[in-house]
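Some structures are shown below for you to check.
The same chain A turns up in both complexes below, where it pairs with chain B and then with chain C.
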Partner chain A sequence: MEEQLKIDFEKLLEKSNFSKKNIEIKRKNFNNFIEKGFPNKREENWKFSDLNQIISKNIKNLSFYNDLSKPNKIDQSTFIAGLEHNKLIFVNGRIEKIEFDYEEKNNIEILDDLVLEKPNNANNSLLFLNNAFVSKFFKLIVKKNYSLKKPLVIYNITNKDLVSKSVNLKFDILLEENSSLKLIEFSNDKSTTNFININYNFDVQKNSILKNYKIDNNSNSNIKYYFNNISQDTNSVSEIFLLSSGSEFIKNEINCNLNGKYASAFVNGVFLLNGSKHHEIKTNINHLVENTKSYQLIKSVLEDESKAVYQGKIFVDSKAQKTDGYQLSKAILLNENTEFNAKPELEIYADDVKCSHGSSSGSLNEDSIFYLMSRGLNYKEAKKLLINGFLLDVVEKITDSEIKNLIKNIMSLKQ
Partner chain B sequence: MLKIKNLKADIDSKSILNNFNLEIKPGEVHAIMGPNGSGKSTLSNILSGKKGYKVSGEVLFENKNLFELETEERAHKGIFLAFQYPLEIPGVNTNIFLKTSLNAIRKANGEKELDAIEFLKLVKLKAKNLKFDEEKLNRQLNVGFSGGEKKKNEILQMSILNPKLSILDETDSGLDIDALKTVAAGVNSLRKNDNSFLIITHYQRLLDYIKPDYVHVLMNGKIIKSGGPELALELENKGYENFN
Partner chain C sequence: MREKQIDKLKDYKYGFTTDIENIRAPKGLNKEVIEFISKAKKEPKWMLDWRMKAFERLKNLKEPNWQKPKYPKIDYQDIYYYSAPKSTSEKPKNIDELDPKLLETYKKLGIPLQEQQRLNGIAVDAVFDSVSVATTFKDKLNEVGVIFCSISEAIQKHPELVKKYIGSVIPLTDHYFATLNSAVFTDGSFVYIPPGVRCPMELSTYFRINASQTGQFERTLIIADKGSYVSYLEGCTAPMRDENQLHAANVELVALDDAEIKYSTVQNWYPGDEDGKGGIYNFVTKRGLCKGINSKISWTQVETGSAITWKYPSCILQGDNSIGEFYSIAITNNHQKADTGTKMIHLGKNTKSKIISKGISAGFSDMTYRGLVDISSKAKNSTNYTQCDSLLMGNKCGAHTVPYIKNKNPESNIAHEATTSKISEEQLHYCQQRGLNPEEAVGLIVNGFCKEVLQQLPMEFAVEAQKLVGISLEGSVG
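Take a look at the complex of A and B:
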């Protein structure tokens, strides 16, 4: 693979028009990646998901050079219906459309000619890979006191032309003071066996609100890694909801730094997996100052031989008195070959805090099924109603009612 | 309507019911009384189709072999069990559950399913008759309900589904006297020439309000004596231990 990497990297530099400064940074990142390679289970963070093995098992002849010179057709049928929204559309990793029809143009800004920074997480080889191979790196700025009128949907569409490629995207989002954004990331994959590596950096400034809904619901054979870095200032709110269901493998890593007093972070998620799918959510919520709050709720329904992993960490700095941190995960295993791994971690250096965690997993309650069947529902209907009820609880946490209904529809949840 | 002949039931190779016989005709109300562990709940579980028992003998419901029917098919044919311990089902709205249940049964019987408006009209009326707090119907099924509310909810379901054979498994336990009267009135209002009831209870108290046609005494897995309502009073005076 190393030979291929070198050839593809040189080809990328040759065909692109990067600044001297960026080429220098890219080379550094490239060398770092060559040295470390894909993460494997010997790293604590990756012990439940050996990415190196997963990639070599699922992707034959992975190539790292992606020709972005020609535009791709946008399949409009993938658009979310019944919701007015702004659009950023990526097809096979190439930006095809930026459309902010609903917004005041002077209050948002999009930059794409940026100087790369050294990755802030020095141990993460996938960020090295991302920085080395990312072609354009975007930044969205929402100006002070501006709230987007409609949600922004980032479409990540891949079509059947994309096979066994490594796709790297990088996106920064800055919410200036007192601003807000509802961001839906919507994946639609018709491609096969690619490795998709996406890096988001959110800077949520004073009094700002970020709502981020990540929807991956279409069955596909891609392997995906998302690194979401969130930095929050005083009195800011971040709300993340993940529907992790469609791709063969996903690891969603969320690193959230609560840097300002009264900042709060909510991470809610659902794993709905079947077949041989294997998904992970790894969170690091860092309470760094007084009076911050975090809440995490993850629910899983696993079928066939699927596997889900939730590693949730709450870190409380010695300065962060009056921290309120909570996390809970619950899993329903519909088959004895499914697997759910939970690794809750609390690392607390302050003494006046309220932190709790819990995790449970098991099969559907047979007595509840009998109760429902004795009222005329067949086994399948009874099971569906129970699962519906189990999942509804976490979907109800979504604070935007329009998007909540959209997600209920996508998940075919009733009520 | 219901004919049980020589029913034997084991669980984990322990005999619970043995040589159990009972016949219930349309319109009749039968009460089965017995001490703890006599097999009362096993009987109601077997009739409604709970798995995990080894059974032999014959149970016919309207001349159909009950053992060949799945739990939900028994419900479709008109068997209803009011649970001794109704289950809490988180995340499932009570109204939606009731509507799903009613329409599943109507559909199985070739009847038109009720739409939301028709259903709400029906459920409102039934809830009012049972003095059941309507607001509770918008909550998760039995979650946060008191013991009495859970039992009332069972009777509400019964009155909405309008079954042919209702089995009440210790519906009186955990009810205060007012709730007991309301529940009994609910049951009595459903008594018709073609509806039958099997009331399972420890005490004769409930039978003060729901007059049975027959009373049976169940001990060690079989009926040891049958008679009219007076048998319940006799039991109450003597106690189970001295009854033989």
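Take a look at the complex of A and C:
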């Protein structure tokens, strides 16, 4: 693979016109990645999901150069219906359309010619890979006191033309003071066996609100890694919801730094898996100052031979008195070969805090099924009703009612 | 007056040394030393071969380094691996022949071997540095067929039992410290409970490190045959010294069909002084195997001593319907560090496990609960319940929870809960209003916090443990 990496990297530099500064940074990142390689289970962070093994098992002849010179056709049918929204459309990793029809143009800025920075997490080789191979690095700025009127949807569409490629995307999103953004990240994949590596960096400033919904719902054989870095200032709120269901493998890593007083972070997620799918969420919530709050709720329903992993960590600095931190992960295992692993971790250095976590996993409660069946439902219906109720608990946490309904529709959860 | 009392208690009351003549193996870790130990113990050849095998393997092993408390590198060549009181080189026939100095030491520790024999009805095996110096109540135990002796004696008198079970739970191929112990272990207790026997009294071992620059590497092996029951207690202390001493013991428990083993520890090794100088590195491997159906192993530990505690008493639930339990109180103060917890490996059907862990950290200390619950795909209908609570006193200390939860079986249920909090002002206020001073109030609240675990201890130990909890936290309020 190393040979292929080198060829593809040189090809990328040759075909694109990066600035001198960027080339230098890319080379450094490239060398770092070559040194470390794809993470494997010897790394604590990847203990339950050996990415190196998953990639070599699922992807044959992975190549890293992605020709972005020709435009791709946009399949209109993939758009979200019944919701007015702004669009950022990527097809096979190439930006095809930027559309902010509903917004005041002077309050939004999009930059795409930026100087790369060193990844702040030196142990994460996938960030090096991303930095080395990303072709355009986008930055969205929401100006002071501006709230986007409609949600922004980032479409990540892949079509049949994309096979065994590594796709790298990088976004920076800055919410200036008193601003707000609803961001839906919508994946639609018709491609096969690619490695998609997306890096988000959110800077949520004073009194700003970020709502981020990640939807990955249609079955495909891609391997995905998302790294989300969020830093929050005083009185800011971030809300993340994941619907993790479609791809063969997904690892969502969320690193959230609560840097300002009264900042709060909410991470909710649903894992709905079947077949041989294997999904993981890893969260790192760092409470760094007083009076911050975090809440995590992850629920999984596992069928066939699927596997879900929850690794959550709450870190409380010795300065962060009055922290309120909560983690809950629950899983229902429906088949004999399913597997659920959890590592809910607390690292606490302050005494006046309220931190707790809970985790449970098991089968559906037979008594509840019996109760429903005694009221005339058949076994299948009873099971479905219970599972829907189990998942609805998380979906109801979504604070935007329009998007909540959209997600309910996608998950076909009826009221 | 009260101040004075507190001052006195604050000191580590087991910090004295006993001036006693020692026989030591040469310093360092090599083939000759292992041969020396084996020879001193008059061991048969198979035992020496076994040690050598461990030593060979040790050469290829590295110390694990994933633990939270880091420590300076240990120079394994700078430790005495064998130290024995000279007076016992010819083992005394009964307690009256023991060196009076030794008896005095144990009296100071609160374990008067002679009195105990008459009054308490607890059989004691006392281990001083590297060797077992006395075992009480032998006759009474012999009547029912219980074997309770030092492991060296067992190797000579009951080789078939030792050969069959030693290394069956902690194999030679285990991690670094366990393998080190297999190579150089010096003494420890051996217990065998024959089928259908309920051991008529509590068995107890008392460990004492006396000599300086000595590591203690004891090995305990407890076998409960079909339908038997035993309750075993372990206590440990060491003198105050500026250096760090290594304690790397192995404890293996085997429970056959319908057998039950209850293993309780009150660990009070010297924790180092207020600035974190000196103290014991307590790197112990404890593992129990529920081999037979309906077997049960229960670990209870009160960890108040040691500069660094790093241990995970575990249960392998192999037999169907077997039960594993773990109750723990870990208290760290000053610069103490602890990384402790348990592993529950569910292999058999209908297996159950329960984990109750209470961590209290004060001063500049750091405490981690690390646990594993692993339910394999064959362990149908298994359940686990875990609760780990931490209490922090002050913002210079840390309390961490790192549970690993693996479930591969849809018919099994795992529930895990953890909380971290401090003693609330309301609780303190309430107690003080009723006439308790702050120290007493904290002691009372902490004892309440630990109650679930303290209840699991046998009577005599529970009283001692309760006192220990209070003493360990002296000076941490305010």
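The criterion applied here is as follows: the second predicted complex is superposed on the first by the 415 of 415 C-alpha atoms of A that agree within 3 Å, B and C clash if a C-alpha of one lies under 4 Å from a C-alpha of the other, contacts with A are read in each partner's own complex, and residues count from 1 in each chain.
Operating definition for what follows: contacts are C-beta pairs under 8 Å (C-beta built on N, C-alpha and C of every residue); 3 or more make two chains touch, one makes a residue touch a chain.
These numbers were taken from a predicted model, which means no experiment stands behind them.
In this superposed model built on chain A, chain B and chain C occupy separate space and fit side by side.
By the touch criterion defined above, A:Asn145 lies against neither chain B nor chain C after alignment on the C-alpha atoms of chain A. In the superposition on chain A, A:Leu386 makes contact with chain B only, not with chain C.
In the superposition on chain A, A:Leu333 contacts chain C only, with no contact to chain B. More residues of chain A are touched by C (comparison of chain B with chain C).
In the superposed pair of complexes, A:Asn31 makes contact with neither chain B nor chain C.
By the touch criterion defined above, A:Asn123 lies against neither chain B nor chain C after alignment on the C-alpha atoms of chain A. Of the two partner chains, chain C is the only one that A:Glu44 touches; chain B does not reach it. Legend: residue contacts after superposition of the two complexes on their common chain; A:Ser356 is shown touching chain C, with no touch to chain B. Once both structures are fitted on chain A, no C-alpha atom of chain B lies closer than 15 Å to one of chain C. Shared contact residues on chain A (touching chain B in one structure, chain C in the other): none found. Against chain B, in their complex, chain A makes its touches with residues 365-368, 370-379, 381, 385-386, 388-393, 414-415. Of all residues in chain A, those touching chain C in their complex are 44, 318, 321, 331, 333-363. Residue ranges of chain C in contact with chain A, taken from their complex: 66, 377, 390, 392-422. Interface residues of chain B facing chain A in the complex, by the touch rule stated above, are 48-51, 70-72, 74-76, 80-81, 83, 86-87, 89-93, 96-97, 100-102, 104-105, 108, 140, 157, 161.
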